[in-house]
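Chain naming follows the written order as A, B, C and D, and within any one chain the residues start at number 1.
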Amino acid sequence: MVVKPNKKKFEGIARELIALRIANDLQDGSYVNLGIGIPTLVSNWIEGRDLVLQSEIGMLNTGPLAEGDNIDQDCINASCQPVTELPGCCYFSDCESFAMIRGRYMDVAVLGALQVSEKGDLAGWNNPDRGFPEHVGNIGGSMDLAVGAKKVIVAMEHVTTKGDFKIVKKCSYPVTAIGVVKLIATDLALIEVTDNGLVLKEVAPGLTAEDVQSVTEPKLIISPDLREIAL
Amino acid sequence: MVVKPNKKKFEGIARELIALRIANDLQDGSYVNLGIGIPTLVSNWIEGRDLVLQSEIGMLNTGPLAEGDNIDQDCINASCQPVTELPGCCYFSDCESFAMIRGRYMDVAVLGALQVSEKGDLAGWNNPDRGFPEHVGNIGGSMDLAVGAKKVIVAMEHVTTKGDFKIVKKCSYPVTAIGVVKLIATDLALIEVTDNGLVLKEVAPGLTAEDVQSVTEPKLIISPDLREIAL
Amino acid sequence: MDKVFASIDEAVKDIPDGASIAIGGFFTAGTPVELIQALARHGAKNLTIICQQMGPGNEDVTKLVEQGQVKKAICNYPFYRSASRGANSPFEIAVRAGKIEVEVYPMGTFIEKMRAAGAGIAGFYTPTGVGTVVERGKEKKVFNGRTYLLEVALRPDYAFIHAWKGDRFGNCMYRKTAQNYNPEMGKAATITIAQVEKVVEAGELDPDKVHMPGIYVQRVVEVGRRTYKPGID
Amino acid sequence: MDKVFASIDEAVKDIPDGASIAIGGFFTAGTPVELIQALARHGAKNLTIICQQMGPGNEDVTKLVEQGQVKKAICNYPFYRSASRGANSPFEIAVRAGKIEVEVYPMGTFIEKMRAAGAGIAGFYTPTGVGTVVERGKEKKVFNGRTYLLEVALRPDYAFIHAWKGDRFGNCMYRKTAQNYNPEMGKAATITIAQVEKVVEAGELDPDKVHMPGIYVQRVVEVGRRTYKPGID
């Protein structure tokens, strides 16, 4: 069961800054896949970085969004946004795309989530509020990315719009994959998933570890190096 | 056990004519793979025919052998012979090549054989005379072609150079595949493999059904339409 | 060998009631819109439609739903993200009413099942979906300490694919992300119908740059190039 | 991202004793001869060599055999067709003497095992080899009334591949039948070293015509183009 904390209590950083925090975490020389939502915003912070973006529809070295005359109906990302090519770009089939994802060639996948558990379980594909049977919903590429990427980073708001926990002891929503999340970046905190549990590494400006704990169901381990979110 | 008939008793048709008989059997509009040996000679008889040859190394619409300035070290068949392109040619990987073979896109595979049984079992990849362990030998693409092609035609001499049966009740050599051969074309006869057994359809000029039976281990069913090999 | 059909209606006219049809494309990229429209005119019923999206960005598939031609959908992203848009979607309404059965696979598994069918592979073990509802009713097996699910080949009766250029042998080239599901769906189906923007002479396509060997394609029909406007779902 | 190495010896120098190495190519087409020669100079021992042919048409692999660098061979066509030529082949002699272990797979299974490794598939069911010695020790399973063998993924530590053109991201294009085993071996290996005839600037390769996405390639080295004379084995 999702335990309801109070309604949204804290002002955190903007979605764009969650994306920036994640961009700062990416290692040069990495292949990266960005999911829909906040993850997509990461692309705004990596111009000039030595990173290669994959679009799971079948493209490597995906560039910024296309505008005006650069728009090509045959060159889109998984959100149907027109994109551009960077030098070194190549195209391939969806089958090849997921072969490389499952084959562990993707260094990082940044995904949205509805819930993340303290074990790193990810629930992101099926919101029971929609009222579909439990096995039906928009799986898309999320399950393959979650098990295939070498590092899974979740980018999300810390609590739901209703104020419910999203970082939970155990996912109550249908899971996307088990034990895969390594890092959680929210508007309120940066949390690492370790074998010992969730380690709170960074908090939003003006917040304390206790503030973050109050909107996080599992017990957080406070990092000895706890600091403000590194932007 | 291979039962030894007398030494080679009959003069049959030339290897080139075995190939011609097979070419005559191919239906227009077919995709065809030709194995090493007599099967390769089929390509000499199909110029202008509506057939597409596959080279399992990764090529469709393979043309005749290349000569002189047309030789390209990057354009060879499975026997390392330089080949040419026909219009509509395309290249692909070996993996794709065997995907289409196993995926039942090859209408006909013409293969050589050491032995064929009355059930259509094919033994062609391992001659025990070489003295290797039973599981070691040149399998190459033969097993995939034998199980993948819609129709497997065997092209071979009717008996071994020593005069041993090659058309046998049961293969004594390691098999390539079970129950796959549909047609056997030899220097002495054309034999169809049916659920009822081997049906002798055609004999080489000057031979009788009894002649062919005498160098064939299983009992042949004589076709009511028995005729000379159709060249 | 000439696989070119003069008319798109001719190319789909033998599709029987109850057929399964894989439809390539991803929003504005490589969707065989003309073939889907021809199928709507043709009117075959009780169809199983295999495609990425049944509703979002696919008004032509929606028409098949509205006309009651669809019995079952096999897909990976069936619904609108937005609950409110979904509530008005004919597909979502039909699913909720139990009028259309839905089978959902992870995107990689979805297309790998068709790759397997085309490649003569009966089944394969994937790590995707282990520990989720996707594993229900499926065999699991451990390889080197990791658990995998057995997924089986999916062979559609027909595939509708869209390519940039094609020749009379069925050789096709795709353009940019318009490739997407088209190659493997085309390889998997018993009868693959390729609508191409332009039919070219045999020999015009560079043999090193053919994405789709013609052996997989049974019918080719030229449809020209329509313009679509990409925009976020 | 710049994967280009200046020297071929530098590109192979970390290969440890006991490594498994997949080697692409088919006779004169797409064989990474320079890399094999560098491996002979490097001298790593107890190697498992995964390639089509250990003897015929592959004098450079034969040199590895003669130098005692090879412990095991995984291949599909290990020997000369001719018994008399085979009798003088160092590889065949080493196999008969029990000095080199040999594992033989059907050609399609051989390369599909590597395709599976690269694609994160642990195992697959193929109809090839059922009823033959190839099925020994392997699980069988019936799908729709037909029997299939379970074959498992094969992930080499290294792959040596040869391509026509490559860029600093590792994107590669092959030429004609020189493609053969190179793509899937390169996708399967942990470290893939691509020798290319020419290194081109990023952006020079048409993105629609890259055969091998650079993500699979860790090292690129330019070797120019040597001439070989095709002739029957």
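We take it that contacts are C-beta pairs under 8 Å (C-beta built on N, C-alpha and C of every residue); 3 or more make two chains touch, one makes a residue touch a chain.
Just so it is clear, the model here is predicted, and its values are computed rather than measured.
Chains that touch both subunit C and subunit D: A, B.
A count of contacting C-beta pairs for A-D and for B-D identifies B-D as the more extensively joined pair. Chain centres computed from CA atoms place A at the largest separation from subunit D. Centre-to-centre separation of subunit B and subunit C, using mean CA positions: 37 Å. For this pair, subunit A with subunit B, the centres built from the Cα atoms lie 57 Å apart.
Chain geometry summary: the mean Cα position of subunit B and that of subunit D are 28 Å apart.
Annotation for subunit A: residues 91-92, 98-99, 101-102, 148 touch two or more other chains.
Across the assembly, subunit C contributes residues 112, 115, 119-121, 126-127, 174-176, 207-208 that each touch 2 or more other chains.
If you sketch which chains touch which, the pattern fits none of the simple shapes: not an open path, not a single ring, not a star, and not all-to-all. Listed by label, the pairs of touching chains are A-C, A-D, B-C, B-D, C-D.
For subunit C in complex with subunit D, the residues that touch the partner chain are 112, 116, 119-127, 141, 143-144, 146, 148, 152-153, 173-176, 206-209. The part of subunit B that touches subunit D in the complex is made up of residues 36, 55-59, 71-82, 91-95, 98-99, 101-102, 121, 129-132, 134-144, 147-148, 174-178.
Every residue of subunit A that touches subunit D in the complex is listed here, in rising order: 29, 31, 50, 52, 54, 60-61, 85, 87-92, 96, 98-105, 148.
Remark: subunit C residues 1, 115, 117-121, 167-169, 171, 187, 201-203, 205, 207-208, 210, 213-216 touch subunit B in the complex.
On subunit D, the positions that touch subunit B within their shared complex are 26-30, 57, 76-79, 81, 83, 86, 95-96, 102, 104-109, 111-112, 114-115, 126-134, 136, 174-184, 211, 227-233.
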